[in-house]
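Below: a set of structures, written as structure tokens.
Two complexes are shown next, each including chain A; its partner changes from chain B in the first to chain C in the second.
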Partner chain A sequence: MAVMSGTTAPARAADSRSPGSRRPTRRGWKVTPWLFLAVPLGLLILFTYVPVANMVWYSFTSWDGFDAVKEPVGFKNYVEIFTRPEIFRVFLVSLYYLVGAFLQLVLAMYFATVLSFSTRFRNWFKGIIFFPYLLNGVAIGLVFLFFFRPGGTLDALLGLVGVQEAPLWLGDPSLVNVSLAATSVWRYMGLNFVLFLGAIQSIPNEQYEAAELDGATSWQKFRFIILPSISQIVGLSLILAVSGALSVFEIPFIMTGGANGSETFVIQTINTAFKFSKVGLASAMAVVLLLLVLLVSWVQRRFFPEEKGDLA
Partner chain B sequence: MSQQHVTTDRPTRTNQPSVTERMRQGFAQQTRSFSAILGPLGTTLKYVSLVIACAAAIIPLVTIFMAAFKSSEEYANTGPLDPPSNWFNVENFATAFVNGKMLEGFVNTTIILVVSLAGTILIGTMTAYAVDRFDFRGRRLVMGMFLLATLVPSVTTQVATFQIINGLGLFNTRGAAIALFMGTDIIAIYIFLQFMRSIPRSLDEAAMLDGANRMTIYSRIIFPLLRPAIATVVIIKGLAIYNEFYIPFLYMPSRDLGVISTSLFRFKGPYGSQWEVIAAGTILVIVPTLVAFLLLQRHIYNGLTSGATK
Partner chain C sequence: MARKHAAAALAVMTALTLTACSTGEDSGSSSEGGVSGDITVLTNRTDIVDTELQDYVAEFQKVYPDVNVEFEAITDYEGDVSIRLNSQDYGDVLLIPNSVTKDQLPQFFEPLDTVEALSSKYRFIDEQAFEGQAYGIATFGTANGYVLNKKVWAEAGITEPPKTQQEFLDALQAVGDQTEAVPYYTNYADGWPLSQWQNNQGSFAGPEAVQSRDAQAAPWSDGNEQYAIDGLLFDVVAGGLSEKDPTTTNWEESKNLLASGKVSAMVLGSWAVPQIQGATETVGGAPEDISIWPMPWQTDGTFHSRVGGDYKLGISKHSENKDAARAWLDWFVTDSTFAVDQGGISPVVGAESPDTLKDFEAFGVEQVELAPAPAGEESLDSDIYNEAEIDLFGDQYRRNLIDVARGAASGDRLSFFEDLNSRWNAARVANNG
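On to the complex of A and B.
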């Protein structure tokens, strides 16, 4: 800061973007940025764009991942995805996570609103509600395997209130996805909560004062002050929840490995590629998922245009 | 123009305490009206709901914590809600640490963490510097490429990324995880870019007048000034790497290359019925996170607010 005060002549700052301030030779100006960008761009292309391009290419072949020849098969893989019900049906599993995600957003909004009012032990509540989000996914998986197992924590808790015949939380195909989606809510709610809380706390106090003068109730303050000012972050969270629900992987993979009807689209894709060596078909599945996620992002851009607008 | 930005930007940051102060007063007023409308019943409901949420967050962790201190016989004969008879029984932790190869896991995670973080910081700051401080043909294209890449969920492209890692000869080496953590982190670039905009260009220009070249400006002026942003990236990226399961699981299947996540995941097989050992391993993974959270709480909240919205 001390350095800055001596050098910020307004005149120089004013034309800082104009060509006159470009000290080095024109040639230097053209090459230098690319020297800084060489490694980052190289890695970006190598690990993002080349894989996407290859994936599209593989998806039109029947490649097994080892063979030197990649036999082109046209749209056969895509036809297979949409005609074999057992492949596409796993998307239904995502619905459980989608419902869970909505519940998660509502809970996060409730707790963020409540804690934005002054509350005793506020930081403790905030920390405890948020902490699960920081935990290692495998640790969470094991914690909840222990929680849901027969005779585990949940059954013991239910025993305290007199429920003797607890169901198999992870063994019953009609319950397993509910249990896993609940685990997912437990894991991710804290993040939404902290983001919402941050947005609510950045509302200028004058707005509350003005509302107070007009005799607004708490509900009206929530509805007309808090909700509009967090709508951006809520919209973004909603979209992330949808694409997150489409590409659920860690929790079901760690906890059940996809057994009992808990298989998700990503688990199925990974198994198709690395267990059954059908890289071609798996690539087609990955392309379908990628297109779905891009579609969701496009919807976000249409309905929440300000988001990220200044980054490009 | 840029000067204007700086002068309006800086005060907000330095004035933060007073803003929060004012907000706190505002919230105090809120409470009055809150309880005035909903009455004592509303306040009670509020605290009850908060306590329930905290119980839901803590109970699964507490029961596994208690299980970690039980002997196998004790575990078999007590319920999950019963505390262990001996809180100093660390036998399970020893078993988990030695037989479960958790020591190797911690070592591998640390190596990968340090190298990837250093790489991410260098790459991110260089990209942000190039994009923010130079006007060059293709600048918008470069920005667009980084922007578009945020939309590609990495979990979908692993099918093809695998072939590339394999082709580079990185499969089953720590290099696989390091390369992927370094090469696919776009959020860090955005954090640096946003922060870079608050560093006045006049600093660069003054240094240039003194004869500094671009490399010197980057390393002596920009990089040190980016320190707060670097701290943010270290925190959110460090957490992400510590918690990452999928990349090491897929690219480093060798037993000796286990990281925290994969070593713990392997407990599922051999210790399938020994829950007291699995519990101890889980606690060993959770404790560093808890310590980091307690020490860095405020930085973590701030980092996530700037990073998680990508």
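On to the complex of A and C.
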């Protein structure tokens, strides 16, 4: 928008002075915003929409990933997805991450609230909480692999407080997803925390002062001032959390490779495409995931309508 | 070093004679001396691309001074290159990815010669051939079995390879009881070492192993090779003979564990022996304790080891410099010392067997090479296992098998193998009809 208004204003000024050169100038000014947009739009189309269109096309073929011929098979891949229960069963794994994500939001909100008031060492704490988000996901995966292995860091720490028979954090199928979801919480809480903190700090101080004069408690300040003021950010975070939980990939892929019952939908898609050379079916799975995420976002928007702005 | 110098001298001499030839008689022999151009070679050996591979290039250029060889080393070779085949830019000489099915070979690679003509000179030619044309020559061959630390096994009183599956399990049990070592290490987390088990196909059922598997409705039932291989892995894990937490294993570390005797055995190919012997230098231990033994079954009182080619070098169909590419390919598989340096079996017919296979000679192990697939069925096996989503050469279903065996996933030995059988048979029927 800034580009548009910035360019049209001088255009009009030029018009009034030299009517003779009116036409070409105006045409020139009309083209200008598109010239500015050409590069980003070109990149967007080239690297986002063309690949997505390709993916949709592959999803209607039985392509294996490198054959010169892509044979169309109609809706066969989609039928296969919805008739093979094991393909959808992996979404149960996402539930662990969903629970983790809610826990993560609550924790982030707690820390953001506490640290937005004057707390001792608050900048230091802010740094500590945000730091994991800056780390490379692969590095986190490897670090936690050593953390969770038998006799690793976690077991050694537990040994200090007297726990001798520590479970296999990644080896035990009933624990593996909890361990992985916990790693994910550790990693992504920093992002939510920063989002919440920013929103909380934009609340004018007068409101707290007025509340204090009325004798509000800390909880009441949180419930009636902070929460309503950051509701938009909370809505956005919820959408991100749910779509994130549906498409978990990095941490389980690096740490367990999806083994031992930790396979998520995206890992399954990758395996289908590159281990079993069924790129067609895998593309269909990716399209289904995309539609699911869109559906979830839409439902959420229906239930949490935003009052103003277009953040989400 | 002496060997290298000898090879260098030889190369120089051939170079001299060859140039002499081409200057002497101009007719037709535009090959050796006249070959020139730049070629790109894709390799999976990120570890030696700047060192040993450059030495080979120096040797090569003594014969073909006008050919420039550039390497492109790729860490996830199989995954990256099979995607790159989509483009026309995948180097001039490359290792043929395993995911390319036989009937796709002509789409991507230049035919080298007929199988008939090449097999008199090279081994493993059938492995990348389609309709009588060969598309790749192995860089080296590998014998399969399990790599073990003989010192640890000797401490448990075992000095000869077990002859049956039960003897093998008893041997591992003895290692577990009498030594500190973990008897077997699955390398579950890295995954690909699990696919090494499949390379033993043929050691049980003979050269026609693949064809007979494709004809079976239930490969995972008693008496069949697939059952012998996967059943053994299942029993090893179910018997508590493998590492405690398979999900946190690490391949690089496992080499040190085996070298230092903290682990006693891993199913691998002979290619791994030099690497683990190398590890003894850093962690202590004697290289001569590391050896490879044949799988624990015998046919007619003899051990068999399946011998197969590693990745095959092929020439890109889109290469702009096919003569130079061919010159490098021929020189690399025939005249370079690569196979010997890697402790592998030379792809050239009649070459001596490497030191890593000393024990095979001592125990009279017979080498088995798989028979080529009959015409028209070149991709039948991969069609079936891809359709069934049983990745015989991957890690998915064997990880699942280990999970079931250690009680971490639902099911038992019988139900797991029955499930494999039913998926296999459904895919087999779908591909035949």
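As a working rule, the second predicted complex is superposed on the first by the 273 of 312 C-alpha atoms of A that agree within 3 Å, B and C clash if a C-alpha of one lies under 4 Å from a C-alpha of the other, contacts with A are read in each partner's own complex, and residues count from 1 in each chain.
Convention: a residue touches a chain if its C-beta (ideal position, glycine included) is under 8 Å from a C-beta of that chain, and two chains touch if they have at least 3 such contacts.
Keep in mind that what you see is a predicted model, and the values were worked out from it rather than measured.
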Contacts of A:275 with chain B and chain C, given as first, second, both or neither: second
First (chain B), second (chain C), both or neither touched by A:164: neither
Which superposed partner A:83 touches (first chain B, second chain C, both, neither): neither
Touching partner for A:138 - first (chain B), second (chain C), both, neither: first
First (chain B), second (chain C), both or neither touched by A:259: second
Chain B versus chain C, judged by how many residues of chain A each one touches: B
Intersection of chain A interface sets (partners chain B, chain C): 65, 149, 152, 274
Complex contacts: residues of chain A adjacent to chain C: 64-68, 145, 148-150, 152, 168, 170-173, 176, 256-257, 259-261, 271-272, 274-278
Chain A contact footprint on chain C (complex, rising order): 79, 82-83, 85-86, 99-101, 104, 107-108, 188-189, 191, 244-248, 386, 389, 391, 394-396, 399, 403, 408-409
Touch list for chain B against partner chain A, complex: 1-3, 22-31, 33-34, 37-38, 46-47, 49-50, 53-54, 56-61, 63-64, 67, 79-81, 123-124, 126-127, 129-131, 134-137, 139-140, 142-147, 149, 151-153, 155-164, 179-180, 182-184, 186, 189-190, 193, 200-203, 205-206, 208-209, 213-214, 218, 239, 242-243, 245-246, 250, 260-262, 264-265, 267-268, 275, 278-279, 281-282, 285-286, 289-290, 292-293, 297, 300-301, 304-305, 308-310
Chain B partner contacts - residues on chain A that touch it in the complex: 3-4, 6-10, 12-14, 16-17, 21, 23-24, 28-30, 32-34, 36-37, 39-41, 43-52, 54-55, 58, 65, 107, 110-111, 114-120, 124-125, 127-132, 134-139, 141-144, 146-147, 149, 151-153, 156-157, 159-160, 186, 190-191, 194-195, 198, 201, 205, 208-209, 212, 217-219, 221, 233, 236, 243, 247, 249-250, 254, 266, 269-270, 273-274, 279, 282-283, 286, 289-290, 293-294, 297, 308, 311-312
